[in-house]
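Here subunit A shows up in two complexes: once beside subunit B, once beside subunit C.
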Partner chain A sequence: MLDFFARNRVATLFGVTVLAFILIGIAAPGYLSLSTASVIMSNSLVLMTVGLGTMLVILTRNIDVSSGSVLGLSAVVLGLLLNNDVGLVPAIVICLICGALAGLFNGLLVTLFNVPSIIATLGTLGLFRGIMLILTGGKWIEELPQSLKFLAENGSIGISVLTVAVAIALAGVWAITRHTRFGRYFYAVGDNREAARHLGIRVHLVQISAFVAAGILAALAGIIFAAQIGFIPNQAGNGVELKAIAANVLGGVSLLGGSGSVPGVFVGVIFMTSIDSALVFLKIPAFWNDFIAGAVLLLVLLLDGRVRIAVEKAIRAKRYAVHAPAQTSNATPAPHTMRKTPATPQENAQ
Partner chain B sequence: MKRIFLRWEMALFAMLVAEFAIFGVLNPRFLNLSNLLYSTSDFAQIGIVALPLTIVIIAGGIDVSFASTIGLCAIVFGIANFFGWPLPVCIVAALGAGALAGLFNASMIHLSRIQPLVVTLGSLYLFSGAATVLSGVVGAGGYEGIGNFPDSFTGFAYLEVASLPAPFVVLLVEAVILFVILHYSRFGRAVFLCGLSEHAARYSGLPIRTVQTITYVMTGIFAGVAGLVLSAYFGSARVDLGTATLLPAITAAVLGGASIYGGQGSIIGTLLATLVIGYLQQGLQMSGVPSQISSALSGALLVVAVALRHGSAVLTSFVAARIMATNRKRAAS
Partner chain C sequence: MERNINDATAVRVNDIWKSYGGTSVLKGVDITLLPGQVHALLGGNGAGKSTLMKSIAGLVNPESGSIEINGQTLSNASPAAAQALGLYLVPQEAHILPNQSVLENICLGLRATAKSLRGDIENLVADLAVKLDLDAQAATLEIADRQIVEILRGLIRKARVLILDEPTSALTPHEANALFDRVRQLQAQGVGIFFISHKLREIREICDVISVLRDGAIVLYGALDDYDDQQIVEAMTKAAVNSPLTTPQRRQNHQDFSASACVLELDQFSGEGFHDISFDVRAGEIVGLAGVVGAGRSELAETLFGLRPSSGGTVRLLGHELKKRTPRHCVDAGLVYLPEDRQQNGLFLEASLAWNMSGYTMHRLGFFPKSRRETGEFAEFREALGIKCESPGQPAGRLSGGNQQKVLLAKCLAANPRVLILDEPTRGVDVAARNDIYRLIHQLAEKGMGVLLISSDFDEIEQLADRVIVMAHGHQCGELSSHAINVDAIAHLAFESGAASHA
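Take a look at the complex of A and B:
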């Protein structure tokens, strides 16, 4: 039982989420409806996209705290282009390229200059935000064209163009990390960088491409942000990087690199977003938001940590039980049983 | 001599002097002594939290929750004051709240054994949420401040001690205390060893948990001090008093030479880095540069400084490897 929860973080979180939904549904009738689902989905799009990029970076044992500013910067680039009568498609392409360049800059700092990623992206967090403010001159960008806002409009079945785009991004990242050789390199580099290098993996290339992907996804989040809100305030994307990291951790992505999956991030983001909407339905004042989000995050972390410690202890006890003096029988175990026993903990660990 | 001149602190000092020179040329009023002294009130709080944060980082941890702790302590002070408690009791309550916050962080980290960054990220939300809820209790609404402090308290931020502004004096006194603790005490050596190698520290019998817990509690207490200084300076206690110090304080600690991997850093370095960052923003503002550009420049400063530091280290080891390789070749032939 313990083993199951420790190894299936995603399943656990999924169970908790479903349970929470049911409990809230009982407490506040009308919560469990398609319209709520649609609201949660469109609210989670920005966080989902940023979180997906953050996951790729965390997989390679780096961290990206600049995604909030990349979001803002690329949203501003998009807004300025659109308001200067550039077509929607070229504007979106340039916006994504802008995000890729920002990610490339992060990646080069981390690989070429060997700066610890948290420091490098902390610096670019300020840098990109500053560039964004220089571009806008400190003013909000308003009156975005209707063509952009149309992207966020829910169609007759409650699905917007953006939802489809995010779904494609999710599926794409899932397919790449799960089914391509290059995708598996992300895990290898994050799990053991030296070993990956000795295997002949171009570690720097993998790390840079993780940052570039994170940049592109943050730019996509910027497009979503602009389309959903219809204007671009100065603080666009502020704090989303921390939320994205929190959602990743909730979804079982290890900050030590090398483990994590797209479904985990998906469930983590949905969980984080549904807290907000649940509070509205339970008629709890909005100022409880941060408190509850923090408490839930810490609680999950504490439980997860304790479970992991317990499992490690159990595995170690099993492994060393071989060496303990035999309690059941006085006879020393026959050689073939001795050879056999060490295999059991590994079988259990599979 | 070489040992003094080749230290990172000297580079920071040179940066500070260069800043004074450049801004002095751009705007002679910048070098006015009273201006230099009084503009410290705008960034003293960054140093007040960056100094204990340096010790946390040296011990191998990191704390990002101090930004919310500042607001939480300020709100606790405001509420204590709201209920008419005497001023010293209010101050003790605020500092106690900070210490508890630090203790909470440390125990969560030790209980869950998850990276400090993640845990304190969670408590960053938790503490700011707690502060918002608490300020709701006294009816200050979601994000409004709590005011009506006694004059003796608000007067403190504008007090002069030996012709220095009081917040700056707080920073200097704190720096002296922490300097002695970190560099001249048994506890300080334990902090460095913990950060260099936790295993080595454990095998040499150091109480690692206690050492790390003390560093987090210190950060909490000094976040409380920063909260008090800020609420005295602004005349009201708000939840978001500390949000703006999060990145500058980490920047100051890292620019000051603290290694994010632990085991390296100094109090003087962080103090100098605080002055570099603070005067950069002040100077840019006085030269008529809009605040948005100054935020970009301080981000760029962090990136460039750290890239140079790490880049030069990489270069040195590369050169050393080349020399060794040629030596080996020569020996072989």
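Take a look at the complex of A and C:
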């Protein structure tokens, strides 16, 4: 049943995405091509990575709105290291550790200090952005080495090293949430924290793990960001956290925790990215982007809401139908049992 | 039992102290449980039973004292640590993960996979003679099924020590007996069991040893056979008991209500989970609606009160047809419903007691509700119902189960109803509070209120009801009045008819 619901949302969104592609394809021939697919894929990498981490946090019934700043901070750490002649591999490792530490800080605030996650991560959203600006002195980091930019270049089959890295991240998170006991704990903690604690699950550990994973993934997104555009502006990652949350909701991840899946986030992110690319292709002025993206988001959610209500109704009807036919078709036992009962004043009255 | 008893206590609690906000809840409690022993634990509301058991299960950290489980000290209390030592607490209020399947709910936290345990769980389900769809989403479970999930969690864990906190409060007698068989099997395997219950009959049936807690201290301990019911109840309530609390008096004279005015009348009423229900409730009469869990009684009540859609039939309240059924219309027309699940549907747990009391009458209070009047009214109910609380501003969630139930009753009565539907009014309520509630129900009926009492506790129905409607599988399958009302007759109807309609 749970699977059905989750898949149902993914299926709805998938259907809408395919339909949108077909319609745009008709309106603008040439849109449906491998090169478009390649563009959408590389454009979606940052959001995909951040969204994946956000999903893990939301599953545990928390929220992380600091991932944009974590992205910026770790990208800056990477850039500064690289421009000070640190090798690419150690720089990437340190950058990821930096993301993990930022996530750990969030996790500790939420668990040990019992700060509601929305407040804790709103605080660190500012804090991490501030640290980033202090590190750079407010300047952009430019002239990143070629070795980093190479990671974002498409190879012979149109796939970059970063695409492979994101694919591995997707597969990894999918395998963990879907097939490991620890992964199930994420769902359990989000579904009913008290129950999870009661069943002997280390709730704090699970919550901290989710934040740390989100931090690492945001740092990975920072690497992708830096590699793709070749420099690091001050506002790197600004607002990506809200987009990531929207993509999660679109992909069927419940903000109340306890339900959601990697395929859902995947489709949600692709959907949001393809809207952007389609608008470019349809030559709609860029200032329409936010309006259209918002409207489409609402439309999909409304549609999905309708579908859900219909499904729930069907389930209810099925559940209560158990009694109904037994009465009409099986009327014989009823008078038999009635006879056992003594006549009552009420029956006489009728 | 065959093991050396000296080093094989299942649980040994030594001088446990715990206080909340300055009031001591546990004052140096010692308690010991041997393997293969079923140890009854009794006590009134707020006596400290739950806190004691939660300390043993690692859910609460006591301030001082030590706890040993299977010979090992429980340090650094956490549920995980207690479970690692072989202990599981089956709580009174089931902890459910609504988005997961029933199977996942049972297996979560175990090392083995759900798939590999499926067979074992199916056997347990069959042993307990309950019906449970393991693949259903847990959110769809009724409250009784949720409790069964908790019990299954306890059984599947192969714990060496089990704590059962009122395990039968949502079970039918049939299911309860099946559970007791299971408990005896576990006992024979050397599992030690703490059994918390308010039903002395149950305790007599399966327990060996009894401890009674009062005000955070053990006031009675020994072999169960050494004490009679009166002694046990006196130990619980401290004050010498004048009225025999164990069996509250049944209404003496079975009046004939056929002459009284008809306050509630159902005709061929149908809805989700019940069909063609026709009966009436007269002024001053207590009509019991008996049946096993899942018979459609709560659905009927919720539909009457406008919480679910109906699919046919008519309802007449005080002689007028009740066409528009929303909770607000019902309350204004004089029909009030006390829901089964007080935590989920009954109380605003964070809100003050006075606010909770005006829950049904909020719309009558005007744009600026006068809190002084509310507090005054609450003081009256506090006195009348014997609600134990610190102040009217206290959050309802802090009260014990029995007192919460009394606040819920105050909420219903504040609306001044003519017909009161009570759905399991004494679920999870201790003996003393239960008797208060029984007495109150009698008083209300004597004042001319029509009471529809839904209960799975057939004893309760026998004690209170003037007339009984029995439901099974959504159908009305019988009616008993005056002297024909007894537990056996009700059970006979409820189970027989169920079996018949299944054939």
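The criterion applied here is as follows: the second predicted complex is superposed on the first by the 298 of 350 C-alpha atoms of A that agree within 3 Å, B and C clash if a C-alpha of one lies under 4 Å from a C-alpha of the other, contacts with A are read in each partner's own complex, and residues count from 1 in each chain.
Quick note on the criterion: a contact is a pair of C-beta atoms (placed from the backbone, for glycine too) under 8 Å apart; a residue touches a chain by one contact, two chains touch by 3 or more.
The structure displayed is predicted, hence computed values, not measured ones.
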Practice item. Classify the contacts of A:L109 with the two partner chains as first (subunit B alone), second (subunit C alone), both, or neither. Key: first
Review point. Which holds for A:K149: it touches subunit B only (first), subunit C only (second), both, or neither?
Key: neither
Exercise for review: Give one of first, second, both or neither to describe whether A:R316 is in contact with subunit B, with subunit C, with both, or with none.
Suggested key: second
Exercise for review: Would you sort A:A188 into first (subunit B), second (subunit C), both or neither based on which partner it touches?
Suggested key: second
Check your understanding: Looking at the overlay, what does A:S259 touch: subunit B (first), subunit C (second), both, or neither?
Key -> second
Check your understanding: Touch check for A:L199: first (subunit B), second (subunit C), both, or neither?
Key -> second
Point to revise | Shared subunit A contacts, counted only where both subunit B and subunit C touch the same residue | key: none
**Study point:** subunit C residues within the subunit A interface of the complex
**Key:** 59, 78-80, 82-84, 89, 91, 95-101, 104, 108-109, 111, 113, 135-137, 140, 153, 256-258, 272-276, 278-280, 296, 299, 467, 473-475, 477-481, 484, 493, 496-497, 500-503
Practice item. Enumerate the contact residues on subunit A facing subunit C in the complex. Key: 1-2, 5, 181, 184, 187-188, 191-192, 194-202, 254, 258-259, 315-316, 319-320, 323-324, 326-327, 330, 333-334, 336-338, 340-342, 344-350
Point to revise | Contact set on subunit A toward subunit B in their complex | key: 63, 109, 113-116, 118-120, 122-131, 133-134, 138, 242, 245-246, 249, 255-256, 285-295, 297-298, 301-302, 304-306, 308-309
Practice item. Can you check the complex and tell me which residues of subunit B touch subunit A? Key: 108, 111-115, 117-119, 121-130, 132-133, 136, 142-143, 247, 250-251, 254, 260-261, 290, 292-303, 306-307, 310-311, 313-314
